[in-house]
Structure formats: C-alpha cells, structure tokens
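Each of the two complexes below includes chain A, the first together with chain B, the second together with chain C.
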Partner chain A sequence: MKFSNPARPDAQIGLARARPQARALVQGRGTFASDITVPRMVHAAFLRSPYAHATITAIDLAQARTMPGVVAVLDGAAMADLCTPWVGVLTHLKGLKSAPQHPLAVGRVRWQGEPVAMVLANTRAQAEDAAEHIMVSYDPLPPVVDAAAALAPGAPIIHPELGDNLAFERHIDTGNTDAAFAAADHIIEADFTFGRHTGVTLEARAVVADWNEGEQRLTVHQGTQVPHMMQTIYALHLGLDESQVRVICPDVGGSFGIKIHVYPDEMAAVAASRLLRRPVRFAADRLESFVSDIHARDHTVHARLAVMNDGTITGFDIDDLTGIGPYSAYPRTSAVEANQVINLIGGPYRFAHYRARTRVAFQNKAMMSQYRAVGHPIATSVTEGLLDRAAQRLGIDPVTIRRRNLIPDDAYPCTSPSGMRFEALSHHACLDRLLTLMDYDGLRAEQASLRERGIMRGIGIASFIEITNPGAAFYGVGGARISAQDGATIRLDATGRLIVQASVTEQGQGTTTILAQIAAEAMGVAFEHIRVMLGDTDITPYGGGTWASRAAGIGGEATWQAARALRDQILTLAASILQETPTNLDISGGAVIDHASRAERITLAELARIAYFRPDTLPKGIQAELIATRHYVPREYPFAFTNGIQAAWLELDTETGFITLLKHWVVEDCGTIINPLLVDEQIRGGVVQGIGAALFEQCDYDSEGQMLNASMADYLVPMAGEMPDIIIGHVTTPTAESTIGAKGAGEAGTAAAAAAVANAVNDALSPRGITIDTIPLTPARILAALATYADGVGRG
Partner chain B sequence: MKAAAFDYIRPETLGAAITLLSKHGPDAKLIAGGQSLLPALNLRLSAPGLLIDIGRLAELRDITLADRTLHIGAGCTHAHVMNHPIVQRHAPLIARALTEVAHPAIRARGTFGGSLANADPAAELPACALALDAVMHAQGPEGPRRIPAAHFFTSLFETALAPDEVLTGVDIPIQGDTQWGFAELARRTGDYAMVGLAAVARPGTIRLGWFSVGQTAILAHRAAAILTEGGPLEAACTALADDLPAHDDPQASAAMRLHLARVLLRRVVGAWGER
Partner chain C sequence: MTSITLTVNGEPITATIPPRLHLADFLRDHLGLTGTHLGCEHGVCGACTVRLDGAIVRGCLVLAVQADCCTVETIEGLSDSGEVADLQHAFAARNALQCGYCTPGMVMTAQDFLLHAPADASRAAIREHLSGNYCRCTGYEAIVDAVETTLNARRTS
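And then the complex of A and B:
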C-alpha cells in the first residue's frame, strides 16, 4: 500500500485533519475525571509530610474526625487491611531494588509531600479544613538530598533493610574503549548536569473511585494513559478479581508520562471507596501535584569522547548518576530513564567502542520516573554537546563533524554498540533537509556579521534517535503485567456507519482522530462515518494504552488490520447478495463497488439493512458477521527507532544573561505520517517541553529536601510568549514491520530540543571561550559563566 | 487548595464599605479584583472571616484630568487604565508599565488601587507611583486624607493605610515630564520582574523608582541626585550600591541584582541622550 500516493481512492492517511473532539473541549463540554459526580460521593484531601525524612512518632486523628462534614480520617495503619504495598522492580533490570511502598506512610516519611493521612469529607474544602487538625509528631532524620552524597560512605540509609542507597547500577562495555581512547588524537571531556523537572499537565491527576457493594464491583474513573494496567493494579492490591474492576478514562488533560504510574494518594482514595462503600473523588491540586507527581531527569554525566584529527569519533566513555527519590516507581520502575540514557548515547553515530555506567540512587526528594522522551534528552544533550566540543577543538564546522560520523543512510539494518537494532533511519537525508530549511550558510553569515556589531547569536544542532512502538521489551519481559500489544474492534452499524473500539488511549494528542482516519481509509468510507471509543476496560479490547510513542504505530496498525478484516467480511456478504465473486468487488465511498468499473453495486447502509433487518432474504447458510477484531504488536524489532535533527537559533544578552529564542527547526522521520497537522503539533509541544528543560524548568530543592518553588508562580513552565516559531520538515521512511508503516512521533520534539538550545548558547558564547554544561540555562548561570559582574558591590 | 470559609458582603457605597471595615476590624478584608487576594486565600496564607467587595463601586472608577493633575480611581482595572487615552497621553509611564503587569485575563480584573494597596515589592505600579511623585487618597471613618507615595509603602506588603481606610484613588501631577523610561527583566512575559525601573525626569528633578529590589519599591535618591545635577551616568550606577538594599532571592544574588539594576539604569537613562 502506497500511502505516499495522494490520488489513491478514499485517501485519509496523510490528511491534515483537525481533531473533531476539540469542538467539545473548547465548548467546555469535555468530561474530565474531576467533572464526574456520583451520588453519595466524598472528597479526599491528604495531609502530606512537611519533612523530607523523619520518623512518625504519633498520629492523632481524633480532632479531625469531629470536624464538620468529615466522613472518615485514615492513616497508614488504617490502610494496612485495605491495600497491599507494592515494590517497583522488574526482573530484566538486574539488581534493581526498592522497598515496599504504602498508600499512606507507615512509621517513616521519606519525601516532603509524601501522603501521611487522608480525610474524606462532603466537600474538598471541609476535607482540607479537617486535615489542618490532624496532629502528627515527627522526629526529623537527616535527609539525603544529593544523589552523589546518597552513595557516599556513611550516608544515612533511606531503607535500612536494603543495605545502601544504590537502587540500580548497570555497565555496558563493548569494543575496546581503553585502546580507543589511547589511540585517539583528542579526548573531549565534560561534566553535564541536568536539572530535575516535572511534567506539568493542564489537568492534574484525578480519580473518582466507586466501589459498589451490591455488585461487588469497583469502577474507577481516572485520568490515566493505561486503563488496563490500572485494572490489574487495583485488583492485585485490593484483593479483587480483575473482572471486578472497571477503569474508565474520560477526557484526559495531558499526560506526558505523568499518568502511567501508581501513586499512593490515588491508591488510598480507591481503597477508601471500598472501605466506606461510597464513591471517593481525589483531584490533586496544582500545589500537591508539584510534590507528588513524578519528577524526571536530574542526571549528572561525566562524559568522554575519543576523536581523530579528521573528525572521526571512535568511542564514548560515560558515567551517569541519577537520584530517583525514595522508591522506584511502580510498576514501570525508576531505572528505565538511566537505562535509556546509556542505551542511547552516541545513537545517531557510527563508532565501535563504548563503555558506560549508570547508577541510580535513592534520595529524600519526590519520586522520579518516566516522563516524555525518557532518557532521550540526557543522551542527546551529552552526545551532541560532546560533538560540538570536538568540532570546536578541531576547528571544524558542527555540520561537518556530524556528516562525517552519522550512520550512512544505506547502512541499515544495523546495531549500535549498546545493542540497539535500527531497521532503517535517515540521518543524512534529515541533515540535508534541515540545512536547506534553515538556510544554514545564510544564518552563519548573518551570525558573523552581527558578531562584528557585538550581537551574540548562536546556532545549535542536535541529531537524535527516538525509541517508539515498543513491544514487550520495556516491561513485559521484566514481569510487569503491562500489555505490549493492542487491539481494535470495528463494527458496521445498522445505518452503514462504523464504530471502532480500541485499547490505545487519548490524552489530547489526537489518537481518536488518527484511528478514524486509518479505519476510514482501510474500509473505504468517509472519515465522518467513523466513531471511535477508547479508554474503558469493559468495552475496548485488551491493550497497553498510550505511552512510549506507540498509539499510532501499534494501535493504528491494529485498527487497520481490523478494518481490513471487516472489509473482507463485508465483501463476502455483498458477493453472496449480489451473486458475484468477492474479488470482483471493492469498497469505496461507503458503498460496495465493482472493482473494475468502480460503479456502485450496493451501499453499506443497504447492506447493513439487509443483514440486520432482513437476514431472511440472505442466501441459505449465510450469516452476516459485521464486526472484526485484530491485535498487533511488532515482532521483528523490540522498538521502531525513529530519527531526526533539530536546530536552534537564538540571541544572548551578555549583560543580562537573558536568551531570546529566534527560531527552531525540526526535521524528523516517523515513517508514514497519518496526520501531518497532529504530528507537527506533537513535535512542537515536545520542543516546547524540551525548551522548558533547557531554559526554565527546575524543581529547586534546598539541603533539607524542601522543594522551594512548588507552585505555578515559582516553577517556570515555558510559555507562548517566549517560544520561537518552530519550523518542521519530514523525511519518510516507513517501517516495514506493519502495513501502515507508522512509527511514533510523540517524543521526538522533547528528545533533542534542549540539546539544540544548549549547543546554540555555547555557540553564542564561543567567542568568549566559554561553554556551559548545566541546564536550565538561567540568567544567573550565564552571567556567572561570563563573569560579567564582580561578586561584590563594585562596578558592574 | 480551597480557601477557608468566609462571609462576603458587597456594599453599595464607599461609606458603607468603610463602616463595615471599621465594624469588623482585622477579621475583615477588602476585595477588589481579587487577583492577589484570592491566590493568598486559596493558599491559606490568609483566612479573613469577611470579604467586603469594593470591586463594583462606581465612585472608585473615575479617570479625570484637572488642574494639571491626573486622577485615577482605585477601582479602575489595569486594562482600563492601560488603554485610557488620558493616561496614555499624560502618564505614558503607567500605560507602559501596565503592559508588563501579568496577563490580559488578570489585567481585566486586577485594579490599580488593589496593586498599590497590596504593596508587593515586585509590583510595577508602586515604583511608578514613586517615580511620578503620586499622592494617594485614602478614606476612613475620620474622612479623607492624602498620603504622598514616598510615605505610602512602609514595608513588605504593608502601607500607610490604617486598617479601616480604603484607598480611593491616586493623583499624579502632570508637570510636563521631560523624559520617562521603564524597563524590567522578567523571565517570562507577565512574570514579576527580577528587577525593574520606572524613571521620570521633570524640570529640576529625576526620580528613579525601583521594584523587586527588597522589602518595598524604593526611590534611589543618591543615583537620582547625581543625574539631576547632570553628573555622569556611571557615577549614578556606582551610587546604586548604596541606594539599593542587598537583596538575595533564588533568581538572583544581591550582586547579580545590583549588576542588573545598573544595566537597566544605563539602558533607560542612556536612551535619554548623552551623559
């Protein structure tokens, strides 16, 4: 199937369709979990630990229980009979350890923001009022805040039963790294630091849990990416059969990986519903989100690159360290980001010698786990930062060194030194496209002439690879009950319209829209005649949901296969009605047509009418089957790697340290593009989050483990006013593993934006002979690097 | 978070508002646009028992020009003030500064008087009031009184208003300002600034009103005196070390803030012509 041919009949794949669901959302008619009201519902509010590390010596709930509107007040002890604890480990991440985590702290608190007690009351305000009257006595313990300090000898141990604070360590050693570095003409060395930040979703986390004592069934309305995973979790930890649990995702206001984890407060709210036999709503507010949602990044990387005089790179030597908070997140763990960092470093380039170590430390900060582009921004920033430093050392252009080392476009399939298998990538084609798109030479000339006038502008380039369409390799092989496959069911209804039910989910990115496009083209019907239903464990096929850029590539392919299967069933039925052979028929424009002449034979509406209302007129022995289900998971490759390249163009004010972003370009290759509008918006949104990491976002912790900027006033999310125009181009290399050939696009923007911006800042700084290795690049950091002012009160 | 429970009254007249305020004492709080108060209530930083809403009092919403004095009613919204032709013509500094106050949605509700009475040291308008030598009109049970801007901002979020007084408006002398300038450094559009300057030159005086430099907006007297006397800009920059308190916060150390203040002074006053 050639999706590149726009003249094909019933073409839908490749059309820039706006999301029809957006109409309801902008009219305020969306339904988010916190919009759902159930009779007799109570509201949960949590008392959270003010300490990063302390022993709980006493909890007194008595006074809170007397407050107006209060239905129940619960602590860790009360949870013991309701919900079993969990441990975030996976067997394929060898040696990963963590401790049992409870819905409400038991005996000890390990981060500021950890839920300690829960009030259930008739309104959230009453619950908050009562929470102020819970008395907890703490004995503060020394907090372990810094990841390196956590691993130092003599550091206080966060979980004494684990023996130390090292959660996970992994080494890669391929080729002969020592020899490569000994033979290198130059060794480039740098220490990179990446701030800890978080995914600020427009809709905070929310659950409405409803245990129905009569039905003995639990229904949880939840803003989640993974309804089937949550169904398993609730059943497992509440002691229910999976068939007793239904998880429904209504509209979800952004997710970015924040909504694929098990959170203690949500577990407590769900468990409380069973205890009280009443519906319980917990909708996190923004303040508690900052200290209870997972955080991400927070890596320091000591990195070395071996390079020859002609610019050929021969080896990388990497030492990565990250702190993940006091527990490994459940059930996906908190070792995946570190694991990805060392899997992906050097990924776009051809080299043979690779040594890497990553260490994951427990610490007394909010928990850390998978957030959009897991590990990629770190790996890309390290790789691309080293390449730029090498180019500078050798006095060659950043483009030249990339051209010399990028894996040639005709070298596939191939395998990276860390063992990543690439089916087909297009680094050089993307680079060429980028240089044209941005007029690289023109921009360099402009930069040079402005530099003469004292205006400091920088250009930064960053190539990247992105992991998409994972099969079981991420979680399934490690023992997690997280479906690697996804399914779709498609049904012809009685008026000739179609209904798709699929197991992938929607959080605003347009999953619903692309599945309708795929189904419409596969069937040969109008886009408007497809209705898509997602996010309900009782009605959709079983599947993994949406994460790791897999909904389009995996859920989309399942939808295609299901629609093609139904199409064949319809043609068989039509052939029997029309006394024709099925191969002489086709479907187009919502009707069965003659394959050769394209003349209409019978509309789908008429066919459905006969099938449903006059089956007595069908030939003997013919039973119409107007529903089909298919499931899909890629089997050849564990991941469908995509690739691309980004560039940033910015101006640096050396007096103030402020950066003005002027323009940003992305050329990427996600295979078949199902909807260019939505792909481009995914990339733009991802770039903006990457820019957030590069310039603005950082969870500031003090030495006591207190987050200092846990509000929207102080935590700087990137905003439209500061964003540059983001120009996007595409190269298309479909994956041969599926019919539709789509790979993922959801994380490409985030993967390399920070690297491009940091390289551009360092390019702007290059006349001063300065490079900065730490993000976010705040004015304070830039001025400090420039030594613009004396650290006293002298003349500025 | 949700605000603690409170009562709410919307009096029809200023007099009624003042009566309520004096009757309920410290348990009551005025609410105008709510753009600073409501966040404080929701964060439970403040939990008054009664809110007295003065947001719809027509008497507080005049903008007039008479006797070389521009009067801006305390109840005018930021958006109204910013777009008002009289303000744009006679107090362009204020119109300019307001473009950097928050975002359009907040400017549609937040009020001129609310910002001044709130006395946030990072807010733009208090520094403008200082630079323009404005006079505050207050009214309490004892009747009206006038407070020069220079005596109005007493400490962090504190003003010279008595607990039972309402700020009713502000007079700005129109003296044919020869020069004015405004600059601030904020990380994102609409954010409170890391440091900012509202500067006004009038025949015989230059006033430099600074914000985000300490506990209150302040006038830099020494630097202004040097400039008023025609001294070199660099000397004024040096003098800022004595004018501005050493103020550290997570965004900028005191040394960095002083450096940035000097950058702003050079940019604003430098644009006025050779010095």
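And then the complex of A and C:
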C-alpha cells in the first residue's frame, strides 16, 4: 500500500485533518471525570500522612464521624476488609521485589502523602472539614530519603520482611568492556544527576465509582489510558467477576502516563462505593496530586565512554541508581524506567562493548513509575552528554562525532549491544535534514561573532531512539493482565455511514481522528461519515489502551484491517445484489463502483437500506453481515523503534543565570504519518515537557522526606512566555510489519529535549571550561558554576 | 449561608451559598457550568478563568459572594453568543488543544488579549499575555498561532 501517493482514491492517511472533537472542547463542553455527577453521589477526601516514615499507633475516627454531611469515615483496617492489597512485580524483571500495598495505610506510613484515612461526605468541603478531625497518633521512624543512603549498610529498612531496600538490580555485559577501555585513546567520565519530576496533568486524577447494588455491577468513570486494565484490577481486588465491572473513560485532562497506574486513593474510592451502595467521586486537588501522583526520573548515573583519537566510540560503562519511593507501582512496576535507561543508552550509535548496572532502591518519597518517554530522557542525556564531552576533548565538532558513530542508514536490521532490535532507522538522514533546517553552519558563525561581543549562546544536539508499538514484551510476558493487542469493530449503519469501536483510547492526542481517517480510506467513504467510540469496556473490543505510543501503530492497524474486512463483506453483498462478481467492484466516495470504469453502481446508503429494511429482496441464502472485527499486535519485533534528532539554540545571561530559549528543532521518523498536524503537535508538546525537566521541574525533598514545593506556585512548569517556537521535520521509514507502516510519536519530543538543552547550555559555557551535569539547570546552578569558574580564574 | 443575586451569561441567578464557596465551584457545582475547569485552586494555572464585570479573573480566587450584583461570563456564554467563534475555530483548525482541559481558560484569556491588544501585537506579546495559563499538552506554539491568526483576521475584517 503506497500511502505516499497523494493522488490515490479516497486518500485520508497523511492528511492534516483537524480534530472534530475539538469543537466541544473549545466550548467547554467536554465531559471530564471531574465533571460527572451521579444521583446520591458522595465525595471523598483523604487524610494523608504528614510523615515520610512512621508507625501508626492509634487512629480515632469518632469526632470526624459527627461532622456535618459525613456519610462514612474509614481507616486502613476497615478498607482492608473491602479491597485486597497488591504487589507491583513482574516475573520477567527478575528479582524485582515489593511489598503488599493497601488503599489506606495499615500500621505504618512510608511516604508523606500516603492515604491514611478517608471521609465520604455530601460535599468535598464537608469531607475535608471532617478529615481535619481524624486523630492519628504516629511514632516517627527514621526516613530513608536518598537512594544511595537507602542501599548503604545499616540503613533503616522500609519493608523489614524484604530484608533490604534494593527493589531491583540488573546488569548488562556485552563484548569486553575492560579491554575496550584499556585500549581507548580517551576515557570520558561524568556523573549525571536528574531531578525527580512529575506529570502535573492539568486535570488531576479523578474517578467516579458507582456500585449498583440492584444490578450487582460497578461502573467507574475514570480519566485513564487503560480501561480494560482497570476493569481487571477492580474485579480482582474487590472480589468481583470482570463482567460485573464497567470502566468508562470520558475526556481525560492530560495523562502522559500518570493515569495508567493503580493509585491507593482511587482504589479506596471505588471500594467505598460498594460499601455504601452509592456513587463516590474522588477528584484529587493539586496539593494532593503533587504528593500522590507518580513521580519519575530520580536517577543518578555514573557514566564512562571509551573513544579513539579519530572520534570512534568503542564502549560505554554505566552505573545507574534510582529511588522509586516505598513500593513498586502496580501493575506496571517501578523497575521499567531503570530497565529502559540501560537498554537505551548508546542506542543511536555503533559500538560493541557495553557494561551497565542499574539499581532500584526503595525510599520514603512519593512513588515513581512510568511517565512519558519512560527512561528515554535519561539515556539520551547520558549518551549525548558523553558525546559532546568527547568531541570537546578531541577538538572536533559535535556533528562530526555523531556523523562518525551513528549507525549507518543501510545497516539495518541490526541489534544493539543491549539487545534492542532495530528494524530500520534513519539517523544520518535525520541529521542531514536537521543541519539544513537549522542552518547549522550559519548558527555556528553567528554564535562565534556574538561570543566576541560577550554574548554567550549555545547549540546543543541530541540524537535519540524511541520505543513505540510495544507487543507483549513489556508486560504480558511478565504475567501482567495488560493486553498487548488491540481491536477494532466497524459496522455499516442504516444510512451508509460507519461506526468504529476500538480499544485504544483518547487523551487528546487525536486517536479518534486518526482512526476515522484510517477507516475512511480503507473503506472508501468520507471522513465525516465515520463515528468513533472509544474508552468503554462494555462497548469496545478488548485491548491494552493507549500507552508507549501504540494507539496509531497498533490500534490504527486493527482499524485498517477491520475496515478492509468489512469492505470485502460489503462487496460480496453488493455483488449479489448487482449480480456481478466482487472483483469487478470497488468502493469509493461512499458508493460501490465499477472497478474498471469507476462508475457508481450502488451507494452504501442504498445498500444499507436494502440490507436492513428489505432483506426479503436479497437472493436466497444471502445474509448481509455488515460488521467486522479485527485485532492486531506486531509479532516480528517486540517494539517498533523510531529515531530522530533534536537541536536547541539558546542564550545564557551570566549576570542572572537565566536561559532564553531561542529556537528548537526536531527531525524524527515515525514511519507513515497518518496526520501530520497531530504528529507535529505531539512532538511540540513532548519537547516542552522535556524542556521543563531541563530547566524548571524538580520535586524538592528535605532530609525528612518532606516535599518542599508541592504546589503549582512553587513547582515550576513551562509557561507560554518562556517557550520557543519549535521547527519540525520528518524522515519517513514505514515499519514493514503492518499495512499502514505507522510507528509511534508520543515520546519523541520528550526523549531528547532535555539532552539538547543541556548540551546547548554546556556549549554556551564552554569558553569558560565549565560543564554542568545536573538538571534542572536552574539560574542558581548556573550562577554557582560560573562562580566556580571565577574562583578558578582568581586563584590562577 | 449567604444569598447572592448576579447575572451569569445573561441569565439572572439568585442563590443561597456558603460564604467560603469560590466562584468556580459555584459555577460548576451549583449552576452546572462545567466548562470552567479547576487546575490548581490557588490562582496559578488559569484553567478557571472567567469574566467578572468585563474583566478576566481566576474563578478560584474570587468568592462567589464577591460576585453578588455582578455580571459573570463563562466559556459557555462566550460560545453561545458567538463572541469567540472565530477564535475557537482557529484553535480547532490549528490543533491548539489536545486534552482540552486548559482550553476554556485559554480562550477566555486569549479573547481578553484580542479585545485590548494593538493590531500589530507581536507573538511575544501573545505569549506574555497567555503566560498565566498552563497547558501541559501543546507546548503553546499552536495556541500562539491560533491567537495570532485571529488577531490578523479581525484586523483585516
């Protein structure tokens, strides 16, 4: 199938279609979980632990129960009777351990913000009032805050039954790393530190749970990426059959991986609905989001690179350490990010010798787990930071060292030293395109002339690889009931239009729109004649939902195949009505046409009318079947890797330490582009999330495990005023695994933006011989680094 | 409880409410106007931006009792009157929204900019005016484009 030919009939794939759903959203007429009101609904509020680590010695709920509007007050013991605990491990992450986690803490609290008790009242305000009257006595325990300290001998053990605080450890050793480093002309060494940050979805997590005692059925309206996974979880832990649970996913106010995990407060709200036999709404407020949403990226990496005089890199030696909070998240675990970091380091480059260790430690901070571009930004920052240092040491241009080491575009398929299999990537083509787009030589000349006037500007470049379209390799092989396949059902309605029901979900990235485009082209009907329904376990085929950039590549392909199957069924029916052979017919423009002459034979509307209202006129033995379902999962490769490259151009103010982002470029290759408008905006949004990590975002904790900046006034996020315009280019290498050839694009922006910005800052600082290996690159950090330089000059 | 009388999207409203209720909760929970969203409830994110007597305010930083005898306009009102139809069309056409949660507040703020900006306002001026409205999805550029497109179209119409 050649989607690159724009003149093909009924072309939809590749068109920059605006999203029809935007019409409701721009009017404020979307429906988010936090908008949903159900009769007799009560509101949940939680009392959360003020300590990072303490024993609960007593809980007194009596006074809270007398407060106005209160329906129920529950503690951990009461909740343990309603909902079984969970353990966030997967068998393919060998050795990963964690402890049972309850909806409300039982006996001991292990992070500041952990839910301890729950109030259900007629309004949220009443529930919060009553929560203030819950009396909890704590016996504080020494908190284990720092990941390295958590693994030190004699550290307090967060879960005594586990023996130590090491949740997971993995080693990779390929080639002969010691020999490679012994033979290296240069060894580049650096310690990278990444700030712990979080998703800050503008709509905080929200769930409306509605147990119907009469129907014996639970309906949960939830802002989630994974309705079927949540259906399984609720059934399993509340002792229900899956058929008793319906999860409906309305509009989702941002997710980015945050709304893909099992959260204790949400489980408590759902369990409480069953206890009370009435609906319960829990909508987190911003303050509790900061201490209860999943955090990510709290890593320190000791990294060494072996490089030869001609710029050839020969080996990486990596030691990664991360702290994940007191539990491994459920059901996806908190070891995946660390695993990805060591899988992806060095990924764009050709080298043979790789040694890596990652260690994942329990600690008394909020939990960490998967957030957009899991592991990618860390791997990219380490790899690209080392390459820039190597270029500097060798006195060659950052582009030169990349050109020398990027895997050649004709070397595929190939396998990385960490075992990642690449079907077909385009690093050199992307680099070429980037240099043209940004006028690299012109920018270097501009930078040099400004430097003479004391203006410090920097250029940073970062190549990346991106994991998309995951099959069962991520979770299914480890025993999790997280589906790797997705399905689509398409039916012709009685007016000749199509209804698509699919198991992938929408969080604003445009899933609904691209499925409509795919169905329209596959069938030969107008885009406007497709209606897409997603996010409801009662009405969609079973599937994994939307995560790890899989909706387009997997859900899109299922939709294509379902539409083609239905098309064949329609042609069979049309052939019998028209007394023609199906191969002489085609569908285009919403009608069955003659294949050769393209002349219309019968419209789909007329065909539907006959099939549904006058089946008596059909030939004997002909039963119209105007619905088809297909499922899809890639089988050749565990992931469809994409690739790309980013560049940042910025100015650094040495007086204030402030950075002004001037421009940012991305060239990426996500295979067949179904909708360039949506792909480009995915990438821009991802870049800005990566810039947030580079410059602003960090969950600051003190030595007692208290988060110090848990509000939007204190935790800085990128705003419109500081962000640059972002120029995007594409190289297109479709995956041969599917008909459409689409790979994912959701992680690409975030994967390398921080690396590009950090490299640009260090490029700006290079005349002073300073490099900074810690993000976020706050003004304070930059001024401190500049002061070190000034001290050095003073001493020299 | 306190009694207030106000006009919301042209409709006269009388309500008896707790004095601590903020305007955004009043609009959402008492009037069902859920287009006004809550993102932080401490005046930082801009998701709850509404118009109070013609000026944009954070609905979470105004008590509902402070709106007594006032005129309140929300995204639903501006949508139905057609006042922002061109801006909304530009947002949709440029894909200047993804999840759509910030969008009502963004549209309210952008319309405030468009009503007061000079015809030759720069992109930097647009970014500056929108810099109190948080969007996690788009990276802002498409929003700036949509506002700039509307500014240019209104100038030439």
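We take it that the second predicted complex is superposed on the first by the 787 of 796 C-alpha atoms of A that agree within 3 Å, B and C clash if a C-alpha of one lies under 4 Å from a C-alpha of the other, contacts with A are read in each partner's own complex, and residues count from 1 in each chain.
Here is the rule we go by: a residue touches a chain if its C-beta (ideal position, glycine included) is under 8 Å from a C-beta of that chain, and two chains touch if they have at least 3 such contacts.
From a predicted model like this one, the values you see are computed outputs, not experimental measurements.
Trainee: Once the structures are superposed on A, label A:Gly30 by its partner contacts, choosing first (chain B), second (chain C), both or neither.
Mentor: Only chain C; A:Gly30 stays clear of chain B.
Trainee: Per the contact definition in the header, classify A:Asp669: touching chain B only (first), chain C only (second), both, or neither.
Mentor: neither
Trainee: When the two structures are laid over each other on chain A, which of chain B and chain C touches more residues of chain A?
Mentor: If we count touched residues of chain A for both partners, the winner is C.
Trainee: Report, in rising order, the residues of chain A that make contact with chain B in one complex and with chain C in the other.
Mentor: In chain A, residues 123, 125, 285, 711, 713, 718-719, 721-722 are touched by chain B and also by chain C.
Trainee: Looking at the complex, which residues from chain A come into contact with chain C?
Mentor: Residues 18-19, 21-32, 34-35, 123, 125, 199-204, 251-256, 285-286, 507-510, 677-678, 681, 684-689, 711-713, 717-723, 725-726, 749.
Trainee: Spell out the residues on chain A that touch chain B in their complex, using ranges where they run on.
Mentor: 123-125, 128-129, 285, 287, 655-656, 658, 696, 700, 708-709, 711, 713-714, 716, 718-719, 721-722, 778-780, 783, 788-796
Trainee: Considering the complex alone, what residue numbers of chain C touch chain A?
Mentor: It comes out as residues 18, 20-21, 28-29, 33-42, 44-45, 47, 74-76, 79, 88, 91-95, 97-104, 107, 123, 126-128, 130-144.
Trainee: Spell out the residues on chain B that touch chain A in their complex, using ranges where they run on.
Mentor: Going by the criterion above, the answer is residues 1-5, 39, 43-44, 185, 187-191, 194, 234, 237-238, 241, 246, 250-256, 258-260, 262-263.
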